[in-house]
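In order of appearance the chains are A, B, C, D and E, and numbering begins at 1 in each one.
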Amino acid sequence: MAAVLTVLFNGIAYGFLLFIMSVGLSVSLGMMNFVNLAQASFSMLGGYAMVAATQRFGVPFLASLPIAFLAAAAASVLIERLVLRHFYDTDDLTQVLLTLGLVFMSIAAVTYFWGGSYQRFDLPAWLTGQQDVLGLTLETYRIFLVLTGALLAALLIFGLERTRFGAMVRACVDNQRVAGACGLNTQLIFAGAFAIGGGLAGLGGALAANLLGLDPNFPLRYLVYILIIVSVGGMGTISGTLAAGLALGTADVMGKYYFPQFGGVAIYAATVAVMLWRPHGLMGRRA
Amino acid sequence: QESVKIGLLQSFSGITSLSGQQTDGAVKLFMKQNGDTAGGKKIEFVRRDTTGPNPEVARRLVQEVVTREKVQLLIGPDFTPNTLAAAPILMEAKVPSFVNGAATTGIIGEKSSYSSRTFFATPQLCRPLAEYAVKNNWKRVFVAVADFAPGHDCEKYFVEALAAASGVLAGQLRVPLSNPEFSGYMQRIRDAKPDALFIFMPLGELSIGILRAVSDSGLKGSGIKIMGTGDITDETYLDAVGDAAIGTITSGIYSTRHESELNKKFVREYTELNGPSPRIGWTAVSIYDAMRLAYDGLNAQAGGKFDPDKFVSFVHGRSFESPRGPVTIDKGNGDITQNVYIRRTDKVDGVLQNVEIETFKDVGFK
Amino acid sequence: MAPEATPVLEARGLCAGYGAARVLHDVSFSVARGEMLVIIGRNGTGKTTLIETLCGLTTLHGGEIRLEGARIEAMPPHRRSRLGLGWVPQEREVFASLTVEENLTVAARGAAWPLERLYGLFPRLAARKRNFANQLSGGEQQMLVIARALSTGPRLLLLDEPVEGLAPLIVQEMLAAIGAMRASGGTAIVMVEQKYDIALAHSDRCLVLDHGEAVYSGRSADLLADAPGLERLLGVGGQADPG
Amino acid sequence: MSAVPEWFAGKARWSGFEIAFWCALAGAYFLPNIDIALLSQIFIWGLFAMSLDLLLGYRGIASLGHAAFFGAGAYCAGFLGKYGWGEPVSGLLISMLPAAALGWLTGKLVQRVSGVALLMVTLGLNLILFDFVQRSTALTGGDDGLQGIAVDPLLGLFRFDIFGRTAYWYSLGALFALFVFLRAFVHSPFGLALTGSRENARRMIMLGSPVEGDISIVFAVSAAAAAAAGALLTQTTQFVSPATLSFQRSADVLVMLIIGGAGRLYGGLIGALIFLVMKDWLAALSPVYWYFWIGLLLVLVVSFFRKGVLPSLETGMRGLIARLGKARGGGPPA
Amino acid sequence: MSDTVLATRGLHMAFGGLMVFDHLDFSLKQGERHAIIGPNGAGKTTFVSLITGLLRPVSGDVLLDGRVITRDPPQARVKAGIVRTFQINSLFKALNPLESVVLALCERDGRARPALRAVARESALIGEARGLLEQFGLGADALTPTQTLAYGRQRLLEIALAMALKPRVLLLDEPAAGLSTRQGHEVFEQLLRLSAGVTILFIEHDMGLVFRYADQVSVFAGGAIIVQDTPDNVRVNPRVREVYLGA
């Protein structure tokens, strides 16, 4: 019984990790309707910012998280102003190609500055090891992930999805011309939304680095996972992304425990099934 | 002055770019120590990026360097599928090659009699470790391998050797190649209550991930011995694993800590030349040894026109002292016989190292 | 300061189009407080272009636009809107992924048109407020776009074929509401309308465009009474077919 | 007005550009120091991209798992070669069949989904197939590739040599044959119907068109062409590995098609040419950092050739011709 | 009753919680020109979509010539002769009018599926398409891409596409939308000239058009048909004035 509960908990923690990783893209795709694969690069950047802060400048881990957010947010706005804003009205595939190009460039750039190897960093002692909770032995970092993930989800759902700012962004995306003529400063709103999306991606990267490792190929390695989570959840609904993360996370961990012979196929099969069953995702908005 | 062209086909980009960096490092060091001529001919390199296990590209590049660049010797391509895809061309064009970064058995010899291997063959690492485990009374072993051909290979040899040494298979599982999450597997291993866990994972996210998971989940602290082929504690990735790697028992062909004058010189000069990062892994040694065989082979036919058949018959059957220890290239098929070391990962002077604790001498490639 | 003296909107010598292509040639007009100006003309003659030029959505090649005396032709669209320009686009451009209510609050400004007042004008919208805008019927979308423009509290309302697709009863109610706005708040209106009979009957002055040029400007009642003039200016239904 | 009855015929006619293009491909072989191995690979990728163009350019549905069909053809040709069917031309044709069936089924499966869902379903199916092939080492040799493929000389005369001469002519010939087929396909009423469904599926339904059924057909044809490309790769290299159906390949072919420009068959070929030549050149020039330059290439292409290189060139050409016509004072009669 | 072409029986429709109409019985006679009017959101467009099969009713049936077609897919209904136009133009933007009409004709004659014979060889169909475009006055625009056509021309093409299918029952959703009063009349005149023998059901908010061109008028409101009568009677009906026409 304890084993089952531990596995379940691990699945939930993994689910939150997937959520944290994907939420940046979820915001940019859902709110901005921009297929910004470069979010994966911002994740990586957040990870590297965290490592640089903690390892080189001795910043405590917790304090390095906002740094990761800000670094990625700044980079995101920069890229938006320089490149992406010229592509709001292009089709999905053009955006995919453009941002894929940016991902490639980021990989080479990171290799140039930080080298090709995996980054080493040590978590503070209080985040490592295991804790006894209600008779279960749980990994400390996973507990931390669950708490942070839940907090983040709550913040975003109530602070972004259900607010006027969220509606403004979606209005600008639906029709930039009309939104502008209705008095919305589309440039500013877009930049703001990109900052939030990029920052979240950076935060996700910083939190994920411990479990997933961090090297220049990080964006390519996790791109598919991120895409899967966001689409299964339903474009741009943060609650959907959370639901998809939790569902696929638990399914994955439970699957590996009970049916290890199925290997990695479970998550893909689940994706195919969900997308055929509900083409707009678990919580997709449009009818 | 006459020249000899050597093709250098390695992965210089992408996930496997570190081996490319080591290749460059080793070549640079060797040239510095031995000059840029061999057998009176100037050495020129044709360097191409295989971009990882990508047989279609590798084959085309081999075709290109052989038919257009007209290289006489080839170091590479790396990875088993690349090697296999290239073999027929090398056979037909009579271009001797040195295989490294590909460990599958049987890819040297009948597939291409012009090849020699300076790397290692999978059973070379798996069998000694099984014997070592049983000898130390870790009888019930759980086997976890990556779910792809090399993993299946390794699993086969290890389980065979374990049975031969009358050990017991406590359970086994195959981990998919793209797998960011191990906790379900960890629980499964814990449930099986083995004495030891044997791991084979390719270098990279999986090798790092599993050692971290073993440590984070508390499996390591619970008395289960963690062991595996040297991939999981390869020096290039060891620091990224961090303290989670300490205490891991691995079998390997080379450690920077290997006690020999030749190795100390090798490590010192390599580091001076290429800097401390990335650390020296077994790719560097494998390339370094390939360079030495190439030079020796060319020197042996100094003055004459390059003759691939003579070259191969000179290289096959050769024994020499490598930084890793004594090495013999098989006379029959060009595969490699070498010492295999059982190492324990420890922190030495604040740096994670693979410390050799036992030596299996002259282990064959079968 | 005499408010009656400065027109709410004054356009002088407007030349505008899309990119390098010119659609409007030297168009001038003005609208006073509480006044309603209709713009009529055949299909494709540049009426929508004129409205969009006022909003800042086209390429301006020359001319100036003053809103209550202040030059606005160099401003981006959102600043013009904040100065009191409200726009109802021709093609029912609702924010499709917002609910009806979000459409009405997302750009809301000022206190003149709170939600209740909008819903009072268009009760149909109140009934559908939780639905996404793209689920509405054609007429409902048209109501939504008008209500959205009102929600920004405009001093000058630009209406591009606002009665299109609306039931006759709703048209009457809407025109009545516009009349009330003009009377009480002094809101000025510029309206483009194909159904010139309705348009002329409800407006003070009119401007007739042809091939991007203003070919007539005067009192609506005069033009409505002048049948031959109408025939000459609005002619045989647009670019009539040769066959 | 006289243009009206000629409109369709004019569109279907072979233009001088086209003929010159194919002659250039054949003639490239005789250039000194040309990398014919690379060119053969470009033909194969070009065919693959062309097959995707049928789906994306003409029917407007993107597949993120097209490598599944390529790989199906590649493995099918591999198995044929391994188990004694070494004759290449018939092997190529046979290899197209299973993939066509697979495509038809995929079409059935996805006919009710579109957009992102379609991308994810095709991606998922591709990954599942990849996983299966890679793990079934006993059947497929897994990562090490299928061993023991033998391919007979082409037409019983030309051995597949190490210089890749036979491979060059064989791939070019197959590419051309399939191109002629696909070209006829898109110029038929069915091609027009596909374009109609791309533009406005709802309206097509209201014209009584079996829009959903068409998806299966176009998937099957596209899959068969992709499989032909895969089989060509196997036959010309006598090697097949799971890399033939990796996600990477699906992504690459999409990139090539978009670079070249979707919706005109040639786009895929041009895209393959640009992408592979640049990649080869950059990788040789700067092995460690070529990723950067390829990324930059993508960014530049979408920035300056919004709809792909070929359509942008066409528009540019047309503009130029119009300007020249004006300059001469003439201009086409209206 | 034998001359009834199209009918609905107890048609019930709702979107989630929103009931659009409840138990609707309606019939359309052969050769009739029938207008549907009613307040915005009364369900007129929805009704047309139910008949054409783009939407499925919650319950109730649609009948063509007395045969239940409620479960038939839209394509089958088109083949049976039920053809519609859309309230907002729904065209093939990248194709030109000639291609669009040829496409419609190929679909009508089932010539789109055999896949290797060139379109250019369908000279009979191409000729027919040209004739149709001439009739609608679109001859000069035959090769202009649809998206660059003026709105009024697009509106004509919308109708021409429907006519190309040789419908038995033609459903028109606000065909004069976006046109001036005068153009609206022209469109209707043209349509009626070309559609002898076709049963027509149209939705309009322009009463001038309704009262001039309809034989029968149905007024939808509040989920039901509140009045069905001749134009003259509908015009003076007090209920209709109250919910729809106004003063």
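Keep in mind that, in the parts below, a residue touches a chain if its C-beta (ideal position, glycine included) is under 8 Å from a C-beta of that chain, and two chains touch if they have at least 3 such contacts.
What you see is a predicted model, and the numbers here were worked out from it, not measured in a lab.
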| item | value |
| --- | --- |
| Topological distance between subunit D and subunit E, in contact steps | 1 |
| Chains touching both subunit B and subunit D, listed by label | A |
| Minimum number of chain-to-chain touching steps separating subunit B from subunit C | 2 |
| Chain whose Cα centroid lies at the greatest distance from that of subunit C | B |
| Distance from subunit E to subunit C - Cα centre to Cα centre, in angstrom | 30 |
| For subunit A paired with subunit E, centre-to-centre distance based on mean C-alpha positions, whole Å | 48 |
| For subunit B paired with subunit E, centre-to-centre distance based on mean C-alpha positions, whole Å | 73 |
| Inter-chain centre distance, subunit A versus subunit C - centres from mean C-alpha coordinates, in Å | 44 |
| Touching two or more other chains - residues of subunit C | 135 |
| Residues of subunit A engaged with two or more neighbouring chains | 111, 263-265 |
| Subunit E: positions in contact with at least two other chains | 139-140 |
| Complete list of chain pairs which touch one another | A-B, A-C, A-D, B-D, C-E, D-E |
| Subunit C contact footprint on subunit A (complex, rising order) | 164, 167-168, 170-171, 173-175, 177-186, 285-287 |
| Residues of subunit E that touch subunit C when the two form their complex | 15, 18, 37-41, 44-46, 87-88, 134, 137-140, 150-152, 174, 177-183, 186, 205-207, 243-247 |
| Contact footprint of subunit B on subunit D as seen in their complex | 33, 35, 37-38, 41, 131, 134-135, 137, 141-145, 147, 162-164, 233, 237-239, 241, 243-244, 283-284, 287-291 |
| Residues of subunit D defined as touching subunit A within the complex | 56, 62, 109-110, 112-117, 119-121, 123-125, 127-128, 131-132, 135, 247, 251, 254-255, 258-259, 288-299, 301-303, 306 |
| Residue numbers on subunit A that touch subunit B, as the complex places them | 3, 6-7, 10-11, 13-14, 111, 115-122, 128-130, 137, 139, 141-142, 210-213, 215, 217, 221-222, 225, 249, 252-257, 260-261, 263-265 |
